[in-house]
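Below: a set of structures, written as structure tokens.
In what follows, chain A forms one complex with chain B and a second complex with chain C.
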Partner chain A sequence: MRRTLGTLLLLVSMYIKSQMEYRGAFWLDRLAQIVSYGAVLLGMWILLQKFQLLGGWNWPELALLFSFQLLAYALGASVSFTQLRNLDDLVRLGTLDALLTKPINTWAYLIFSGLNIGYAGHIILAIPVLVWALLAAQVSWSIGTALFFVGSLLSAMSVTGAVITMIGATAMIWVRSNHLFAIFFGFWELTRYPLNIFPAGIQAVMLTIVPLAYISAVPVAVLLDKPVPLLGDFAWLAALLAGPLLTLIAIAHWRYAMSRYQGAGG
Partner chain B sequence: MTALIEARGVSKRFRQHRRFPGLLGAFKTLVTTEYSEVTAVADIGFDIAAGEAVGYLGPNGAGKSTMIKMMTGILVPSDGTLSVLGRTPHLERMANARQIGVVFGQRSQLWWDLPLIDSFTLHQRIYDIPLARYQDNLARFSELLDLKPFLDRAVRQLSLGQRMRAEIVMSLLHDPKILFLDEPTIGLDVVAKDAVRRFLAEINRERGVTIILTTHDLQDIETICPRLIMVDQAKLIFDGELGKLRSALGSARRLTLEFATDPGPVILSTATLTSDDGLIKHYLLERDDVSLVQVLSEVGNDRDLKDVALHEPNIEEVIRSFYQRRNTAAAITP
Partner chain C sequence: MSAYTAFVRSGFLTSLAYRNEVWANIFGKLVQVFARVAIWLAVYAGVTAVDRISIGDMITYALLGGVVMGATRYDRIIRHVGTALKTGDVAVWLLKPVHYPLYLLSIEAGASAYTFLLAVVPTIVIVALVYGMHPPASLFHGVMFVAYCGLSFIIHFLCAAIFGVLAFWLMTIFSLEWLLQSLISLLSGLLIPFWFFPEPFGSIASHQPLAWLVYYPSAVWLGRLDIMQTLLYFGFGIAWAGLLTLTLTLLWRRAASRITVQGG
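Up next, the complex of A and B:
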């Protein structure tokens, strides 16, 4: 176990070392990310100056939703997205075949060999906004609320990682998975807004088939004591359980996809 | 001798949705529910003993890589049984991985942006190689394949030949019992090919590492592998010593007779005239049991024969003529 952990840490350090080969590009990318997400936040602020409320949510509450979503996404995606987005390339080019001949867990190798420090930009922007919003919004703090905040953030992170893992794993069956990532990001953009502003159909989809509402809208609504469509009083439990449950489903799906792997020919 | 690898009636079929030609066909391909089955490996069986070096040869699409992927546990056979080091490869992929080395000629396992030595260090950790053993192997192999000058250079700065030498060294660092190589000399220049071939032959001879090598390049097989397994259209067509391939595939020898004066057409029962340039005539000796002496005695002494040349077909010609005959047969068979 200790040896495996050592190997995985070596993988992480090798990945960071290889990223630092292109240091200039790395920091420029981070700056671009901060500016681009900052622009989205600014857009929301301008909108709220005009309308005061969006679906009953005021500016600090929306800033909390935005920053919670960005942080949970950055933490979840750093252990999944770049690595598994490239999985269809690894399948198509046959690189996955070489990886399968190594005596190491394939998922762990992929994740740790690409542990993405590139999400630093998201985190640098999200944390100060989150801290400000938590203080400015009307959160009735207690030990329970604090525990819920940490638990639901971890759960939201797991939801991100699990959904991305499931999408990435389909590359082992269908060779390509990019179209599914496009759908993922389509819904992901919606998670910056309160769930109640969408039609009932979209709400239902985001709570079930594409369960991205658990990344932000559900936990933040619970935190602010706002009603959550369809889930009602069970929203807090659903927010906490979504991560572990989807992680288990993602593990099963990954195993299934590995068993169906046929290579890409050649 | 017990076999390290046993294949019995191994087949692999892939299911693909049907593809239709043309623009309309492209749309039809998108929605079709029709599937076709492609057989990549059909009913193949062989035993490979410890210490053997076996060349696995065949044209593109003959199922060579698929067989390697089944033996290394990446793919699951559709039929038959396969045992590698006493294990079923796809069921015990991780356990087998520690005792095999795999090199894919066109798929690098090295870290592109980092010094070469970093990839080797990671390999040592993943395979849990005792440090002293790792250092011994690295020193020995690096010397044999002359890696020392570029161990600290980023992989992206290495030539294809240097990278392939590095891939092969890495695959051997954990003392594997079997080394699988899928087209290891593809794209290499003559010098690099030669270095790789001589190294593999030495590793096989001195360390007793069993080698299974797929290639298009017959020189690889002539240098490294005394035994040849040849596949074509998913089926096994030859398994034996390289020297016996010619008689097995029935490739003809060529005979050239040069006369001092044109004797006119010389038709023989022992050889078939293929071209007649007057003084020089070319024949094919299609039967193996016909000797040169028999042919010459049929030509006789009264025809003013000046010179004789008999061409044994090299292995490349043997295989080429086999494929040509197969394609001709396919063309005339509806």
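Up next, the complex of A and C:
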């Protein structure tokens, strides 16, 4: 166990070192991401200057929703997205076969050998906006609220990682699964907005089949004491349990996909 | 010329080979267009008109944004240049008797035609059937909308190609792609039309080239511009396209003379 942990740490440090070899390009990329998400936030601000409310949410509340979503996504995707998006290529080219022969857990190797520190840009933007929004949105703080905030953020991060893992692992069954990310990001963009503004069908999908509402809309609505469609009084519990439950499902799906893998490259 | 026609065909047929991706894209776009409409319904919150713009106008605007921006993909153009630079393929293109930017335009035209026919049109029809959509303000505005769409494609391509060629100096496409994304999301009018921008930002935004991507085609359809204004702004758009073509040509000439091939 200790040896495995040492190996994983070594993989992480090697990857970070390789990324930081091109320090200028690395920070330029982060700046570009900050500008890009900043533009989305600015767009929301312009809209709220004109209309004041979006589905009953004001500007600080929407900024809280945006920053919570960005932070949860960055934390979850850094341990899943780029690594598992590449799994599609590894399967197609047959490179995965070589990884399977390594004396280390394949998932752990994939994740830690490509731990994406590139999400630093998301985090650099998300944290100050989140702090400002938490102060401005008038959250009624208590020990319970604080614990819920931390717990729901961890849960949201797990939801992101679990859903991306399931999409990535599907490549071991279908060979190609990257197109599913187009659907993922279609729904992911909706998580910047309150759930109650969408038609009932989309609400139901985002709480069940594509459970991305737990990344932001559900936990932030609970924090702000706003009603959550379909979940009602159970929203806080669902927000906390979604992460652990989806992680278990993702583990089962990964194992199933590994058992179905037959190789596609040559 | 026949070579470029073949590239257009190739772009169309290559897209045809990845049907699952097209279906996933249709679904993704459908969700996004539904979401944009939902956002406008939520901000209007029962109010019939804001600044003489009705909720029906805004639903139509959201759908038209999907029409004009749904098919062309700036990221595909930038990545094409990035991959050619990384693999060294760009050196091969310099040896061929074709102009690389025109090759890119042809490939993108083929791929865009495919996405437009098989992804954009069905998406818009479905959403229009659900929410309803205003017809063009007049026959003249309808015809001019088609012309503006063509201009939108050209300006979209030119901006993406200019950002792609900048990779010859920066040696990375990642930041270029994200920067263009931020500019398009805010300054094309895709998310918010400029008539809702605070002044003087609205006036400034409506005179930069990205405004011709979504804002002007949609404004023409809705009849927000009279006949003279429609023709005048079409002329301005052509002038921007000319200036961008000149910029791309000059950049490409300089890039081709300083090329460093990394792959091979």
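The definition used in the following text is that the second predicted complex is superposed on the first by the 265 of 266 C-alpha atoms of A that agree within 3 Å, B and C clash if a C-alpha of one lies under 4 Å from a C-alpha of the other, contacts with A are read in each partner's own complex, and residues count from 1 in each chain.
The rule is short, and it goes like this: a contact is a pair of C-beta atoms (placed from the backbone, for glycine too) under 8 Å apart; a residue touches a chain by one contact, two chains touch by 3 or more.
Quick caveat: nothing in here was measured; it's all calculated off a predicted structure.
After superposition on chain A, the partners chain B and chain C are accommodated together without colliding. Contact with neither chain B nor chain C is seen for A:12 once the two complexes are overlaid on the shared chain. Set against each other, chain B and chain C touch different numbers of residues in chain A, with C touching more.
In the superposition on chain A, A:3 makes contact with chain B only, not with chain C.
In the superposition on chain A, contact is made by A:103 with chain B only, not with chain C. By the touch criterion defined above, A:185 lies against chain C but remains apart from chain B after alignment on the C-alpha atoms of chain A. Of the two partner chains, chain B is the only one touched by A:94; chain C is not. The three-chain arrangement built by superposing both structures on chain A places chain B and chain C 90° apart around the Cα centre of chain A, to the nearest 10. Of the two partner chains, neither chain B nor chain C is touched by A:134.
No C-alpha atom of chain B lies closer than 7 Å to one of chain C in the superposed arrangement. The residues of chain A shared by its contacts with chain B and with chain C are 22.
Partner chain A is touched in their complex by these residues of chain B: 14, 65-66, 69, 72-76, 93-95, 97-98, 100, 102, 104, 106-107, 109, 111-114, 118, 121-122, 125-128, 154. Remark: chain C residues 18, 20-21, 23-25, 27-32, 34-35, 38-39, 41-45, 50, 170-172, 174-179, 181-183, 185-186, 191-192, 196-198 touch chain A in the complex. The touching residues of chain A, when paired with chain C in their complex, are 22, 25, 28-29, 31-33, 35-40, 42-43, 46-47, 49-51, 53-55, 176, 178-180, 182-183, 185-187, 189-190, 193-194, 197-199, 202.
Across the complex, chain B is touched by residues 3, 6-7, 10-11, 14, 17-18, 21-22, 93-95, 97-98, 100-104, 259, 261-263, 265-266 of chain A.
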